[in-house]
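There are two complexes below, and they share chain A, which is joined by chain B in the first and by chain C in the second.
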Partner chain A sequence: MEESRRSFLKIAGIAAFGLSAIPAIDIFASESSKKAPAPAPDFSLTENSKALSAKRWGMVIDTRKFKSEKDLEHIMSVCHSIHNVPNMTNKRHEIKWIWSEEYPHAFVGDENEYLSEKLAHTPIIVLCNHCQNPPCVRACPTQATFKRQSDGIVMMDMHRCIGCRFCIAACPYGARSFNFRDPRPFISKTNLEYPTRMKGVVEKCTFCVERLAIGKIPACVEASNGAIIFGDLENPDSEIRKLLKNNFTIRRKQHLGTGPSVYYIV
Partner chain B sequence: MPNNNNKIYDKNKIVIGIVIFLIISLFPIWYNHFKNVPAPDPLLTEKAKIAKECVLPKVLMKTEHMQLLNSWRDSVVRDGKRLYTNSQGKVFDMSLSNGCLDCHSNKKDFCDRCHNYASVRPYCFDCHIDNPKEKK
Partner chain C sequence: MLELAIKGSKKYYAWIVVLLVVITMGFATYLLQLSFGLGITGLSRDVSWGFYIAQFTFLVGVAASAVMVVLPYYLHHYKAFGRITILGEFLAVPSVIMCLLFIIVDMGQPMRALNVILHPTPNSVMFWDMIVLNGYLLLNIVIGWKVLEGERNGVAPPSWVKFLIYVSIPWAVSIHTVTAFLYSGLPGRGFWLTAILAPRFLSSAFAAGPSFLILLALLIRKVTNFDPGKEQIQSLAKIVTYGIIINVFFFLCEVFVVFYSQIPEHMDHFKYLFFGLKGHGILVPWMWTSFILMIVAIILLVNPVTRKNEFVLAVACIAVFIGTWIDKGLGLISGGFIPSPLHHVNEYIPTGQELTITIGIYAIGFLLITVLYKIVVSVKEEVRA
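So, the complex of A and B:
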């Protein structure tokens, strides 16, 4: 018995040593049986030739042109219906891409003690400011929200969003909403061309990238009857730059240094 | 000296027990073996039949369509490029609901049939519309 155990251990030891050679064998084997390299991809990815482009998209909202709350509601409902934004019955689950605030709420920190009667009650239409220095992008751990280098739009990649809501905490404008529930039952009429969202992701205005890509201006601009002007902030000849040159404008919470791209004429 | 006889007591009962145990524990294997489910045959719509060809050759589509979709969504959402030109020079709108499901508008008899067979549940349709042609 004693001896057979001894020889067993010897054989086991040699076998174990032999196993340690496997990686080396693999290297040689893979060297010789290497697959032919895959053929180079034979395709191209391009933009639509009609796509609108800019160095940095921006907006001027002429609040003087809004006569009543009705005008704002029309714009909001156009945006929300084409993007399948649900109409949540519970206020705490509300999803909004574009909505209205009273002046003192929209411009916190810039309101004077004695505001003109008119201004104090003017509803201001607000949306994502597509900041130059967006705090939400810095907060996002997965780069689900990011700034498009080509045109400055702050994008949402729903596929990467893990629903941590850091961006909601980071955004000083409340421009982001979280889907606490499955939104589908709350969408009255679905636009079949645009995806909905699902429970657990954050969403917001995207300056209508899907429309810019096919040569259309954002839906709110189109629906505003000239009260909202959209254009390239970096192009000195654009209509939007002319407006900025000739009018006094303000931006929301400018003192925070986020560099909003949405300007207001009040 | 302990009693060293090698007799198994209740041999019959133990053998029967082992056989029953094996039958039950290997149930999934022999059940599927004799069931012999044929691979499903995805149905093509009229529109797809007229188009004749998919984005990539059929073999590649079968095995690589998930990677293709993945690169499409990154290209659209992150790079802003929405058109795909394949090796034949045919241009496709890189869209799940408005592209793939424009030709394969019979998702139930096409994508789902295969996915059910392979037990894959893409979560894409929690957001993407799965019946772009039908009106609810």
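So, the complex of A and C:
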């Protein structure tokens, strides 16, 4: 997909150059001088030099640092506003990329009857786990959802999705939302730097691929005041690996073998 | 042979007009859904598949059940079924077409449907389902048509048709197996995550399909000069009897595993369906009705005295059909999504618009059955005269 987009942009760039060169060629023709033409500018796409890269992106969420629902609300609203996530009035049509759950719902099957007082009242922030072995990718009949080989992010191609919702059935974390109707009227302030979606397609958290590409960390991480740590799980010297080494962490529904990339310190 | 479909009585035309009206209503409602989105249905973030996908699943079973008349005739040379194999094949064709229509109306972006072919993805069960369903449709159209044409002209169908018939037997099993695999391979859905799902699908299909065929056969005998035959109906009744008993047996196997192991992820779905969960249980009366209907049907079908009485048999067939329809058409999908993977209980109730579209698709199916059976019956009457 990425490859075809790249080649399309290349061709489009060459075509644009060709068109823009017509007046210049005309000038040369009329002057009939023997000036050498300027070297063709390079229109090929190169990665932003500031882009962040990793072998496998991952996240550690330190739930101890969240005191109340309020701390989470800020994080969620930042994510939802920059990604044009609509605020649907009908609960059935709800769309969410990152949200909070109570412990027994976030960690179904791992709940204790007698949960520590603190944990029982700590809201747990949940989002797409960007699984190592994602069942949604396995289920998708068009590869509209796919795992990016370079860094393990599970992405969505909104232009290819047929809206069959097989991925929603396949996801054991309820991370995916479907546009049951045109979402645009429900976006309070559209961020023009990020696309909006249309009715009939599935969407979810993308680990902020668009921000990583220009050297920024994911919005939720930035807004979390250090409660969410983001980094390369395959780099033994990364901050995230040090955290994992020094703390006991759990992942959601580990027994399913999906290999979530989001870890929790509880 | 198509010309036979347009030479009918006034009653035949009246019935077709009724169906066309229902189809038009369904289509108009679908246009509404197309412009607004699937928001006009009762579906939600938690229950993201509903009535459409449930009907699709049920009808795959009806389609697959054609094998129950084809197999005894062609593999066991059970001559009596020669009269009715065509009825099975021409029941399969409208059923698969309805299945495909239900998939299309369930899509958020139906105009992108061809992406499934443009970007073939063998790791997706949906891809294989597309292949087996379309293949099965094609097989049954060609086989049914060629066999009937041969019958009309008093010659045996070409030998390559025989080959296609043999292919169609395992193919019928494949369509319902692959359809079950859509559900049973998903890691977070305890209700479907069971190896018995495909066998259960097949057993309920082999009960529901032939029971519907019996009802159609009784109807044909009543309204036309073609009699599908007493022996044929009784043989079908035995197939229904085995089918429904095996279906209930498989269901009880599942119930044992789920309730004896007491693993909540698997048990909570059954609790929701049969007893209600966290104060929610709109499907509870439906599920018990389904179970009771199947048990009553077994009692009526096992006893030869009641089974041989065609009126009682018809009642038993209706019980089987409704019972299995509730099981698959209502319980199967909702039950898998409730409770949600995060263990929330958000119920699902189809909307009126959703039901109108559903009924519209069923009307298309009935229209196709009517036309195809009209051709069959006309040929049979012609040959006899």
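Points worth noting:
As a working rule, the second predicted complex is superposed on the first by the 223 of 266 C-alpha atoms of A that agree within 3 Å, B and C clash if a C-alpha of one lies under 4 Å from a C-alpha of the other, contacts with A are read in each partner's own complex, and residues count from 1 in each chain.
Methods note: contacts are C-beta pairs under 8 Å (C-beta built on N, C-alpha and C of every residue); 3 or more make two chains touch, one makes a residue touch a chain.
Keep in mind that this is a model prediction, so the values were computed, not measured.
Of the two partner chains placed by superposition, only chain B is touched by A:T46; chain C is not. Applying the stated contact rule after C-alpha superposition, one finds that A:E193 touches chain B and leaves chain C untouched.
After overlaying the two complexes on the shared chain, residue contacts for A:M155 are found with chain B alone; chain C is out of touch. Using the contact criterion defined above for the overlaid structures, shared-chain residue A:S261 touches neither chain B nor chain C, since it reaches no partner. By the touch criterion stated above, A:T63 is placed in contact with neither chain B nor chain C. Looking at the shared chain after the overlay, A:V209 reaches chain B, while chain C stays out of its contact range. 182 are the residues of chain A that lie in the contact sets of both chain B and chain C, per the superposition on chain A.
Put simply, chain C touches chain A in their complex at residues 36-39, 41-46, 48-49, 103, 106-110, 112-113, 115-116, 118-119, 121, 123-127, 130, 182-183, 186-189, 264-265, 336-337, 340-344, 346. Partner chain A is touched in their complex by these residues of chain B: 73, 75, 77-87, 94, 97-98, 123, 126-129, 131-132, 135-136. Of all residues in chain A, only 90-95, 101, 104-106, 108-109, 126, 135, 138-144, 160-166, 168-174, 177-182, 199-202, 253, 256-258 touch chain C in the complex they form. Across the interface of their complex, chain B is touched by residues 42-48, 51, 146, 148, 150-151, 155, 157-159, 182, 190, 192-198, 209, 213 of chain A.
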